[in-house]
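Please go over the structures that come below.
Each of the next two complexes has chain A plus one more chain, namely chain B in the first and chain C in the second.
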Partner chain A sequence: MFSRYGTLKNAMCGLGLVALLLLPFIIPTFWLRIFTGVSLWVGLALSWNMIGGYMGYISFGHGAFFGVGAYATALVMAHTPIPFGIAILISGTLTYLFARMVGYLTFRLNGTYFAIGTWAFAEMMRQVVLLLPFTGGSYGMRLPPVVNEGFFYYVMLALAVAVLIFSYFIFEKSSFGLKVKSVREEETAAQTLGIDVEKVKNQVFALSGLFPGVIGGAYAYWITYIHPDSVLGPLIADQMVVMVLLGGIGTVFGPVIGASLMYIGNRIIWVTWGDSSSYLVILGLAICFIIRFLPEGLIKLPIRESLRRIGVGARQAIPNEEVR
Partner chain B sequence: MKNIGSKFLALLISIVIAAILVAGCGGSTKSTAEKRDYFKVGVITSLSGAEAYGGNVTRRGYELWAETVNKKGGIKLGEKSYQVKLIFADDQSDPNAGADAAQRMITSEKVDFILGPYTSGVTMAVAPILEKYKVPMITGSAESPLIWKQKFKYTFGTIPAVDLTGSQPLATLAKEVGSKPASIAILGVNDPFSKATAEAFKAAAEKEGIKVLKYDIVPAGTDFNPLISAIKGLNPDVLAVGGHEKEHMEIIKASKSLGFMPKVFLMHYGITTPDFIKNLGKNSDYVMGATTWTPDLNYKDAVFGSTKKYVEAAKIRYGSMPDYTEAACAATGQIFTAALAKIKAIPPLNEEQREKLVKALEEVKIDSTLYGPIKFATDGAWYHNNTGLKALTIQIMQGNQIIVGPKQVKLKDPVYPVPPMSSR
Partner chain C sequence: MLKVNKLDHCFGGLRAIANFNLTVHENGIYGVIGPNGAGKTTLFNLISGIFKPTQGEIIFDGKKISGCKPHEIAKLGVARTFQNLRLFNDLTVTENVRVGILNRQSNKTWRDTILDYTASDSRQDDIIQRLLDLVGISVRSADKAGSLPYGMQRKLEIARALATQPKLLLLDEPAAGMNPKEVMGLVDLIRSAKREFNLTIILIEHQLRLVEALCEEVTVMNFGQVIARGTLAEVQNDKTVIKAYLGEGEVG
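What follows is the complex of A and B.
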């Protein structure tokens, strides 16, 4: 199992992680902000991938969990002495419960109707927050300003890595993951195998709502000002969907790649052609091309074959190893 | 699982490479920024997203100032003049992208000062970053009273907050017409600006002793017909609306079709936009509103010569009549110029000089710019907002916006009560 390649790979992974941890000391704070944003979206894309990828239910309502988390953290921190770390956990718990409730109602719907139902739920939340007296309504809410780029980078990185590890072990390595995939492939067949389909669907939906709540809380503290349009707008859920599709739906690393590339790509093009908005056209075209020619996402790019051709990682291609 | 491992590996490697590349780029800008003989000015505004229209209005204002100043040789400090170079960043109408833009302007581009965002939301996200790095910003647009209540030390604004301007038309109605209105109904759309406008109307009505019969904050996209028929039953003398041109047009149309005609309509913001007047035609006449600026004003100006000359220059450059936001943005540059002249700081500015610049901005008092007088408040609820400027009451007459109050500056008397729409 621990072949020479495996050791090398572990070493490289370790090195990569160390590099990510050292990033605040190497790069300017502007780029650190960008990497904070990358971690944020990696976390969100991975969360959406749980329901959209593994479960096969396209939700357009995940922005609501992000926004509810942001507002929960803002409210907790504004009205109680509870520190940030605990406030975001409270937000996560809240959105988990909220997702259970939403799931209970929307899983009576299927396919497109489910997508519309979740979207309507998100829009409802936006309107509710606009009307409630204690959320600041259309004035938004302000949190105590803490501008510490390093701190927020580590918070977002930790959250993204947590969601990544969680996704990997729950959906790729456990029997629960197999159940989820069987429901995705054919619900009726899964039912005949004794799987409680409703229960599995609700659990996955609630789990996929938990993390955006925590991340939303961290976002609120990071940006220091939240508004229904900035944290509960439809664009947040839309971006999660596009990022996952771009990287590769239903895989562990697809959303990571999709979110990283889309966010960094957006910002790099933005820095280069930022004095006009034509860069958005370039970005849009790039996404169209990728979806047209790589419908399974960037993760299906034949990187391994290319690497092997130039003699890197040749050992890993031995079929026996692949099967273990 | 080998498959996933190798992809993770590839991803990590690419992130590290990207980080190193990025670090390299950051390093190179650092070294070039040390010495320059021009002012580097960051512009953060909404060039895309939901607020792109307004963002471009601000952009035109800032850009025209820079072009005009540069044509005249630059900002003159002592013997020498310094050119101005604007660096634009699109905040995508999103506070997060706005904060990224601020960080980029400050840490990568090393700008001397910043000309600020179109929306109040982005301003709120950008301000804490300016506090940390001690970089001053003037926004020529954001009007929400909320910003000034936060007491950001490095953020200033040229347009008086709407709670300062919104009260003006009601003061005109209460004091400068024959028979003062007795009652009012107030509607506000649920966005920060419109809600604050409605609140300002309400406070002013209560102050002037006009009875508020109805006060409602409604979500954007509401059907106004039921609201108007309810208000018709109350029969108020004035219907005041906080919203944008789209809502105002809908309300006028709904009122006409339901046969509701108060003695005057009072609406803010957007009745000065060409759309409003073109779309409603004669029905737009006699609608009253508040503003801080109209193209008819004639102030002297150090950069453009006068308001009139500025308006002409803007019309030639962009092919459209500037509105008050565009004018307020065009005036921001010379406020910085005045403050810079005070402290005699040449580019690039260091932290100590920027600190002094903020002090100087607080002391600046300009009696006349193309936009009007400028004086920032240094304490209270309008901290760092331009309170030097008095609001105007305007009324549409034959498709033109005419200043009808306050008394000292009015061009015509306000018409009240106005003729009904059916008899025009």
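What follows is the complex of A and C.
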């Protein structure tokens, strides 16, 4: 049973990956940029899902990790000869440490208060960037432009796939993931079973802050012009939250589906109606609809069952099958 | 093995535990009874580290544990169940027990944690199977814990607590909501668990049937204080105990 099912699944995954790798040679630059954006948001949504989905703590501060990452890469590349690849790693390390600090302070709070606390931190970072003398204030920062859409597509795709694989192994397969879920389900019980709840929460928050930093750095170099509103605005964190809710919170593939659909939808509206904020209205309605009728996200639609029969999609609900 | 010395715990102005003393010897089964609100569960919360005592100390295996964090106390070998069940409802029965086992591998490296695929560890699976067999819920091992009937959820809590390899097990009303037949089943279960894992047990219970069958010594609490101690027969005839449960009779 496993072999047939597994082969089919592997074949589908392989085909999908080849298709994604060949994309720059098939589709026009305009669409390639959209797919680069999809990868970016998939990476961000998956990162948010670590703390929001697996840990059950709703953070509205994750936009700050993206923004700090973007500014860190911009600053490093503007003032030093350090190449892009290392600059984004510096960004990631920085946001990891930053998340450790934010987590240390905000995990004294629970539920809504945690959400507000993280949001306040994000807002604080936006103000800091506006005020610091070397970040260009509200004028933002410009990076040396590199016109190579294929390169950025591959970078973002690689990052998204890295976060996906990381999420899968750490949160679905390892005993660390089981610890995290147990803390989400019942903190008190988890403590009395020997789990250092504070430590687990801080580790997850720091990990979920690491990837947005790297992705933010890549974004800065891709777009070449960043300013506080574009990388530190509240809409970035909001979109991560909504994408995860749309696709399916606490699952591996939910955020992928949510981010892809929402970003492509956003771009289609942008193409047809121009650069307006009208899509926010549609977004708002969509959120209401999902929360009301589909609280577990699109991944829990019956479609999933039929997809699974032909070998696609998450199977995390049936761990016993993995044993065989 | 456990010694509670002059323990005090206040919630604001309310003294929930007042000058409480208890000595527990290895391999015994101790009962704690008392009217609702007497401070029994607070006592468990203090021993397991969920609350920090206002005053006094708790010594376990010669080590002071009052003031330690719950996970540190758990690692020393104290496990507990909860009166109002605290299972990981969205995880399967097997996963619930597996969380308890994680406690055993305290000195694993970060690398082991990542590379240890929980699904494929056969040694862990054996331990889980044994524990689920012991409490008699192995047929439901793949179900979500939240979907089990109430009695099975209580047993799962016991299995999960046993998975941490405790020396001292605290059971908070294990028989709540069970009928007399189920209570006798639970008595057998607690006895065999005690034998197999060489446990010392303290249990809070309102069903005297269970206390009678298991406990060598019973402590009666009221308003956070010990009002009587001895065998169940002894305390049942104690005047203060009868007064605490039934109130003072009117003269006339």
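Everything that follows uses one rule, which is that the second predicted complex is superposed on the first by the 282 of 324 C-alpha atoms of A that agree within 3 Å, B and C clash if a C-alpha of one lies under 4 Å from a C-alpha of the other, contacts with A are read in each partner's own complex, and residues count from 1 in each chain.
Assume contacts are C-beta pairs under 8 Å (C-beta built on N, C-alpha and C of every residue); 3 or more make two chains touch, one makes a residue touch a chain.
Everything quoted here is computed from the prediction, not taken from an experiment.
Enquirer: Have a look at where A:M262 lands relative to chain B and chain C in the superposition and call it first, second, both or neither.
Expert: A:M262: touches no partner chain.
Enquirer: Could you tell me if A:L232 is touching chain B, chain C, both of them or neither one (first, second, both, neither)?
Expert: neither
Enquirer: More residues of chain A are touched by which chain, chain B or chain C?
Expert: For chain A, the partner with the higher number of touched residues is B.
Enquirer: Please work out whether A:F176 is in contact with chain B alone, chain C alone, both, or neither, and reply first, second, both or neither.
Expert: After superposition on chain A, A:F176 lies in contact with chain C alone.
Enquirer: Once the structures are superposed on A, label A:M125 by its partner contacts, choosing first (chain B), second (chain C), both or neither.
Expert: After superposing on A, A:M125 lies clear of both chain B and chain C.
Enquirer: For A:D196, decide between first (touching chain B), second (touching chain C), both and neither.
Expert: Once the two structures are laid over each other on A, A:D196 reaches chain C alone.
Enquirer: Which residues form the common part of the chain A surface touched by chain B and by chain C?
Expert: 322
Enquirer: How about chain B: which of its residues touch chain A in the complex?
Expert: 2-13, 15-16, 18-20, 22-23, 26, 30, 47-48, 50, 52, 87-90, 94-97, 99-101, 103-104, 106-108, 121, 124-125, 128-129, 131-132, 144, 146, 150, 190-192, 195, 217, 219
Enquirer: Write out the stretch or stretches of chain A touching chain B in their complex.
Expert: That would be residues 9, 12-13, 15-17, 19-20, 23, 26-31, 33-35, 37, 127, 130-131, 137-140, 142, 145, 147, 149, 172, 219, 223-227, 229-230, 235, 251-253, 256-257, 260, 264, 267, 270-271, 274-277, 279-280, 299, 303-304, 307, 313, 316, 321-322 of chain A.
Enquirer: Please output the residues of chain A touching chain C within their complex, sorted ascending.
Expert: Interface residues on the chain A side: 169-170, 173-179, 181-182, 185-186, 188-197, 318-320, 322-323.
Enquirer: Would you pull the chain C residues touching chain A in the complex into a rising list?
Expert: 48-50, 69-71, 73-75, 79-80, 82, 86-92, 94-95, 98-100, 102-103, 105-106, 113-120, 125, 142, 160-161, 163-164
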